[in-house]
Amino acid sequence: MKTISISKIFLALVVAILFMSGMSETLQAAEQKTVILATTTSTQDSGLLDVLIPLFEKKTGYFVKTISVGSGQAMAMGAKGEADVLLVHSPAAEQKLVADGFGINRRLVMHNDFIIVGPLDDPAKIKGTKSTREAFKKIAAANRLFLSRGDNSGTHAKEKDVWKAAGINQEKEKWYQQTGLGMGQTLNVAAEKKGYTLTDRATYLALKKNLGLDILNEGDAILLNIYHVIEINPVKWPKINVAGGKAFADFMVARDIQDVIKTFGVDKFGAPLFFPDAGKKVEDLGK
Amino acid sequence: MPMLIVNNLRVERGGIPVLDIPHFDLEEGENLAILGPNGAGKTTFLLTLARLLKYAQGELLFKQQDISLPETAVSYRRRLAVVFQEPLLLNKTVFNNVAAGLKIRGVGRAEIENRVSRYAELVKITHLLNRDACKLSGGEAQRTNLARAFATEPELILLDEPFANLDAPSRDSLIDDLHNILRQTDTTAILATHDRLEALRLADRLAVMDGGKIVQIGDCHEVMNHPVNEVVATFVGMEAVFSGCVQAITDGSFSMSVAGHIIEALGKVCVGEQVICCIRPEHIIISYDHSMADTSVRNNLPSKIVKITPQGPFFKLHLDCGFFLASYVTQQSLENLALREGKDVTVSFKATAVHVIRRGK
Amino acid sequence: MDLLVDGFLKAARLLFSLDREVLGITLLSLQVSGTATLISLFLGISCGTAVALTAFPGRNLVVSIINAGMALPPVVVGLFVTVFLWRNGPFGFMELLYTPAAMIIAQAIIATPIVMGITLAAMQSLPSKLRLQIMALGATRMQMLWILMQEARLPLLAAVMAGFGGVISEVGASIMVGGNIKGYSRVLTTATVMETGRGNFDVAIALSIILLFFVFLINLVLTLIQQRERPR
């Protein structure tokens, strides 16, 4: 009887200690003022927020809960008042959010670009084609495999825009496959199946080493991926952290942070992953 | 003052009465056996006495205290011990099983050691104390069960067919050991059983139950030899039960016709009445002629041996006299008389050996 | 194959260098799932025993609900907990969404029916007269329950392991209600999904190996308790 009790007591102690320390952390965080930032997985995966968020927290004392989901879900969270501020890159949906009154103070933060990547032998022969629309038409004509994220993310939205601009109805085609996954995973699927896909440059650069996919089309203005920060309207949703959301939005367009954005990724990839654009007009970008 | 007094006890299951006992009492130090067929209510009665079963109505006094109050249930049970047919041992060593009741009562370690060794010795399982309970034979397990019960030194012990699952040799040796322990510890006991030999061996008083009622209760001798009805008679071992019509009455005795024979018996009956009688097998004598004719043995009938079955140290003769009779003979008698199945013999018994149970009584 | 080897090496390196982030993630996994399992033990064993040993009208319905609960999809639990806990939901004022506490709640909801269902089966499989015998020995209700639980120790510990196993490996609900926030609500499973999504397979495998290691360790201890020889 004794030896059983000892090991049970030991187990209980260990668990109690673990539990206790866990609880204290939780309580601490709850006491601080929290800001819920809804953003996209590609933004999170680029690693930029891992640099910026700590800077923000240190500066303002807020505790930021970064929830990275697809653009669609991020917008929905904003529309439901479950986030205080959004950092997203899906202009059409963003404009609707503002038009519906849920988003306010939509401000331009930065941009990066999308690229088309594909297998090294480029069976659809799109390399060298200047227009992205033309490239897409070539892929469709050649019936070559194209992987889409298919998750209503900003990347997916952009991709759909290009198909539409190219006049192609790609949804029902056999060579068009939707993964429903994040960018990194979709790239891996494209690499495995030797297909084409649209990706943001940052994620591609981060994974390039192990992928075996080449950049086959870039630079077209349609491929610009533009990031805005949007605060959520407290009139619609009184429970949001108005001050916190505003503080974060202001932070993202502040001079010094824009400089941080400008240099992010240079040492790792040899080229910056984002281009700061605070204060500019969207029409002027990419020129 | 009796140790246990029961008045107007009624237990119902789904509205149907399964136990109906107007009165029952038990003296301190007494050993009572309850005999009865399956479903007679023996287990129900014991469980109710132990306050393990709810009863619809009744008054139960244990040493003049009313035990029916809910607060006293646990403390009352701690003065008792119950032994079931299955050993129901715990997944522990034999030592820890025997100590189980003591641990529940919060007895100190030294006293536990003391009692466990004492009672383990009484049931002869001292050599098994360190063994896992699941590795015991049926007899060893039931001995452990007994030790567990006695170790709590109960004021009353209730045993519900404790040896029914055991093989005959284990049963015999355990009955002896239980008898010794009961004597040595002077524990009051109620033993439910369907084995009359067990009952006779262990009990001072005998109760026979049937259909939820106590049909007869009294000294062993009384009940065995004067069963009040057929059910009791079958149970106490009156195996030759037959019915006949009263022909004539004389001073205190009468003759009746049974399957074509005239049988003389004692009893208060009326002419023409149908009666049921029984005879103990031990009272039937077997011979080859009517040599008994001039003795006090009034009944001598021709009979055929239909079957001979061994019964422990005896042999049971199944006899057909036009009605069924049973008799016990020793091995010696069997050989001396060269008794065989199919042989014709003379069956003799005294008028006083015939016990009359009036029909419907 | 080299991916697996790389993963092993990375796992060893991460653990032995006591990489702060990995340690934090690991500790949080154990805390969250450990607490959730503890809660599920209290609720599951007590309710499971009560239902097993008591007769009451509608008992069969209750038992089938408990058994169905064992197959409750964790993702569904996560979704419902999210809806209850988010700001504009009934419990929004508690500000629990995207916290480890929310993860504990979701995991406890997942684990409790598992523990309850197995406890129920375990207690019912004990010989029915055993309860009577223990009561006859003079046990109070609490003593009897304790003795019965010791008798059912084998399946009860299996229940603990099943409950713990179900939640330490859980990812869908944990991502939904926890938010996978770095240094705060990120656990081994959610981090593995994230790293896989990013394409960092070596890190993902390393985290998986760490998770497997701890799962094995804990189950080893529990198994030893379950199977140990009965002492004097």
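We call the chains A, B and C, going by the order they appear; numbering starts again at 1 in every chain.
We adopt the following convention: a residue touches a chain if its C-beta (ideal position, glycine included) is under 8 Å from a C-beta of that chain, and two chains touch if they have at least 3 such contacts.
Since the model is a prediction, treat every value here as computed from it, not as a measurement.
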- Message: Graph shape for the chains shown, where an edge means the two chains touch. Line, ring, star, complete, or other?
- Response: line
- Message: If you average the CA coordinates per chain, which chain's centre is most distant from that of chain A?
- Response: B
- Most centrally placed chain, judged by C-alpha centres: C
- Note on the structure: Per the C-alpha centroid definition, the whole-Å distance linking chain A and chain C comes out as 32
- Note: chain B sits from chain A at a C-alpha centroid distance in Å of 87
- Note on the structure: Rounded to the nearest Å, the gap between Cα centres of chain B and chain C is 55
- Note on the structure: Flagged in chain A as touching 2+ other chains are 1
- Item | Touching two or more other chains - residue numbers and ranges from chain C | none
- Note on the structure: Contacts with two or more other chains occur in chain B at residues 96
- Item | Complex contact set, residues of chain C against chain A | 27-28, 30-32, 34-35, 38, 86-88, 92, 95, 97-101, 179-182, 184, 196-201, 221, 224-225, 228, 231
- Item | chain C partner contacts - residues on chain B that touch it in the complex | 47, 50, 52, 74, 77-78, 80-82, 84, 86, 88, 90-93, 95-96, 100-101, 104-105, 130, 132, 148, 152
- Message: Can you tell me which positions in chain C touch chain B when the two form their complex?
- Response: 127, 129-130, 132-133, 135-140, 143, 147, 150-151, 153, 230, 232
- chain C partner contacts - residues on chain A that touch it in the complex: 1-4, 7-8, 11, 15, 18-19, 21-23, 25-26, 29-30, 34, 36, 41, 45, 50, 63, 65-68, 80-82, 181-185, 187-188, 203, 206-207, 210-211, 237, 239-240
